[in-house]
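Here is the structure we will look at, set down as structure tokens.
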Amino acid sequence: MINKVVGDPAAAMAGIHAGASIMISGFGNAGIPGTLVRALGAMNLTGLTLIMNAIRRIDECDPSLFDNRRVDHVITTAFRGPDAAPASYERQWKRGEMTLDILPQGTFAERIRAGGAGIPAFYTPTATGTSLVEGREQRDFNGRTCVLEEALTADFALLRAQKADRYGNLYFRGTQANFGSAMATAAQTTIVEVDEISETGLRPEEVHLPGIYVQRVLRAPRRH
Amino acid sequence: MINKVVGDPAAAMAGIHAGASIMISGFGNAGIPGTLVRALGAMNLTGLTLIMNAIRRIDECDPSLFDNRRVDHVITTAFRGPDAAPASYERQWKRGEMTLDILPQGTFAERIRAGGAGIPAFYTPTATGTSLVEGREQRDFNGRTCVLEEALTADFALLRAQKADRYGNLYFRGTQANFGSAMATAAQTTIVEVDEISETGLRPEEVHLPGIYVQRVLRAPRRH
Amino acid sequence: MITPLTRHQMAWRAAQDLADGAYVNLGLGMPVLAANYAPAEREIFYHSENGVLGVGPVAPPGQGDPELVDAGSQMVTLRDGASIFDSAASFAMIRGGHLDLTILGAFQVAANGDLANWDALSADKGPLIGGAMDLAMGAKAVHVIMRHTTRRGAARLVTECSYPVTARGVVSRVYTDLAVLDIDQGRLVVREIIPGLGHDELAAATDAPLTFGPDCRELTAPDLAGGI
Amino acid sequence: MITPLTRHQMAWRAAQDLADGAYVNLGLGMPVLAANYAPAEREIFYHSENGVLGVGPVAPPGQGDPELVDAGSQMVTLRDGASIFDSAASFAMIRGGHLDLTILGAFQVAANGDLANWDALSADKGPLIGGAMDLAMGAKAVHVIMRHTTRRGAARLVTECSYPVTARGVVSRVYTDLAVLDIDQGRLVVREIIPGLGHDELAAATDAPLTFGPDCRELTAPDLAGGI
């Protein structure tokens, strides 16, 4: 019998190892898997690669990840702290203690989607003519210059959704899905925290992300 | 005020011209826009390019399109008639009166999705090592040979859905969506026949395809 | 007297290998019959490439919805936990390597795992690819159900495919009416053989060298109502 | 005495050009204010790149859902006909050329339409791109709202951007606190100018040649409560 529901954060996070690459969903405060991020911080793993749209949201969840230098590499679209004074991650990057890939948000989303969809690489017009693509492979299609972008995958994805069932099917509330849907497809192991576990199973109409993309589900109601 | 609902098939099909490229949704009998296909047949246009998963479904809707040699080019994954004797389109192709691009179904779907998503080209492992990719541009990614595929777009897309509202939002029943969702994004003008027009507007939860991708909606209940 | 397996028995045998919790796409013909014979205690999610994960039984007569069909255009039901999506998403699932298994029919399978199942090169008919190339390249495992030989007695298990190839080096297991064979590093390894059939007789019906596993067993299947 | 437009007045002016039925993405800062000032009789669908088409007003205090936010992370409501989708779908919509218009803020705009709005090259801070590059490349039209000069008086409308460029040759209209300008084949054409400001004074505040359209009008805006 399929049952992807786990009982506690330790079971949810089992197997995450030093050096792992981890995608984390979230845009603004929507879809941030706060319980899982804090559990990650408590694991004291080093050499992590974090893949998330806006890095400040991880820092807000659990400053220990950066304060304790757990992260070696970041792939993001927004690597800027909220204050005039630099954040710990900005200082680490400026000091060369952390490497950074900064991407346009649409390229970030599409690279992750490609990673889950078995598309190893694609061309996009975004960022052509900018400093981001200097020295990169470019090619014209229909008179428009495009840059080659490769798929992005990860060892783990951490997501937040509103509801799940034992099959791993997910229902997102509001704008919770954001990058999470694509991340779930691109990670080897996808771990989701949810407000509710549906005992009866989600109806097909309710399923925003099929359970095939989800390996573990943890009930962790949102802190208000 | 936005109102994409049109009153009759003529208004729905306005502007479709000889030589037009037309995507048509449908898999099995689900999502076939029968009323629109019959209206297309009645327009007596020549030089059409039809883009559809399985060509026999068009022929079943309206044999006149092929019987009257309206179609010059077909892009499809299944160009085979249901009977042992060849269908009219098979005969026309064998005689060289019609050209054909035959594609794997996933490549067909992804090329259309790319057309709607502003991705001019992508690599896929599908069909490598087969006669379909002989002489085509190929490249290895992570030790796997892939073939370059370009986006597919069209002048028009004809779809069937269960419900729409005046904004063009669509709700699909069962497996009606199939290729239609992607086709709607890849066509200049998307025309949809539906069983019901929702006067109150679809709820966000009901919207499978946002109205931005739909230009015209026609009420045309399914013939049972 | 030697009795080759019927179509339903071949499908039954393939179904016994379906794992609990597996996500599986069954091709048209014999493969889709396998869904009828999976052990009842196993939860299996059947994927249909037109956009269903969790296909249930075919709808009872008169109760089907023509807008809810499987890849064989049959009106179907949905199992608990099913979901529906569009074709681009469905093939992203396939191509992205998320399906545990696909079981396909074939004209030929080569000892190196090459699969030929998409075109019989008929002189009068047009080509038909459908989803087979994506399934064969994308699924984590590709199993094939096919008769061991053609009606004229020609081998379907070959050293090199003469039919147009669907995908290279992808098949890992073949269920025929005579045997169950694994493809292991370019070798055809016989795991099961029907009672009364000699190893040399099986080899004579095969156009590639056979290896008989040390644990090669009898291939037996229950009587099934489904005829030949 | 010359009175430059306030932030809200600039947003108001940009909003007057929003067409009935348009699909529009408004960037952070002044652009998003424009939604408050679109003529009431026009139906406009505001897109938010985190996955909303049909963003409504900001939620009343205490009634917002923290899981329903716009691209500025504000808790918002939805208008009739709204839909929600994920980020990959949202950027497919943007990149695919489906949005009629995006209005963005900028550090600089060049006379050839180059846009610089993503990085101020701060010594201590990390880079922030967000969705601007996709919006600038993908939308059918790109309009910019920005002050005509920096606080130190340096021109923002330039012959060539000195800030890192977001996208090349994409901007077609610019709303400043002094003027409304179109970019037409590499020329900055002034369509409207605030009362009392001389053409030569506007030219002096601009680092690229200006063309004054034959129908150049006065740029006026109502008094608005929104302060500066």
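Some notes on this structure:
Note that the chains are named A, B, C and D in the order they appear, and that numbering of residues resets to 1 at the start of each chain.
Going forward, a residue touches a chain if its C-beta (ideal position, glycine included) is under 8 Å from a C-beta of that chain, and two chains touch if they have at least 3 such contacts.
Since this is a predicted model, take the numbers as computed values, not measurements.
Using the contact threshold fixed earlier, the set of chains in contact with both subunit A and subunit C is B. For the pair subunit B and subunit D, chains touching both partners: A. Per-chain CA centroids place subunit C at a distance of 57 Å from subunit D. With centres set at the average Cα position, the gap from subunit A to subunit B is 34 Å. Distance between chain centres (mean CA atoms), subunit B to subunit C: 29 Å. Each of residues 84-85, 91-92, 94-95, 138 in subunit C touches at least two other chains.
The multi-chain contact residues of subunit B, meaning those touching 2 or more other chains, are 110, 113, 117-119, 124-125. Chain contact topology: the protein chains form a pattern that is neither a line, a ring, a star nor a complete graph. Interface note: chains touch in the pairs A-B, A-C, A-D, B-C, B-D. Across the interface of their complex, subunit B is touched by residues 110, 114, 117-125, 141-142, 144, 146, 150 of subunit A. The touching residues of subunit D, counted against subunit A in their complex, run 48-52, 65-74, 84-88, 90-92, 94-95, 114, 124-134, 137-138, 164-169.
Interface residues of subunit B facing subunit D in the complex, by the touch rule stated above, are 1-2, 113, 115-119, 165-167, 169, 185, 201-202, 204, 207, 210-213.
For subunit A in complex with subunit D, the touching residues are 27-31, 53, 55, 77-81, 85-87, 89-90, 93-94, 100, 102-107, 109-110, 112-113, 124-132, 162, 173-182, 222, 224.
Touching subunit B in their complex are the following residues of subunit D: 20-21, 23, 43, 45, 53-54, 78, 80-85, 91-99, 138.
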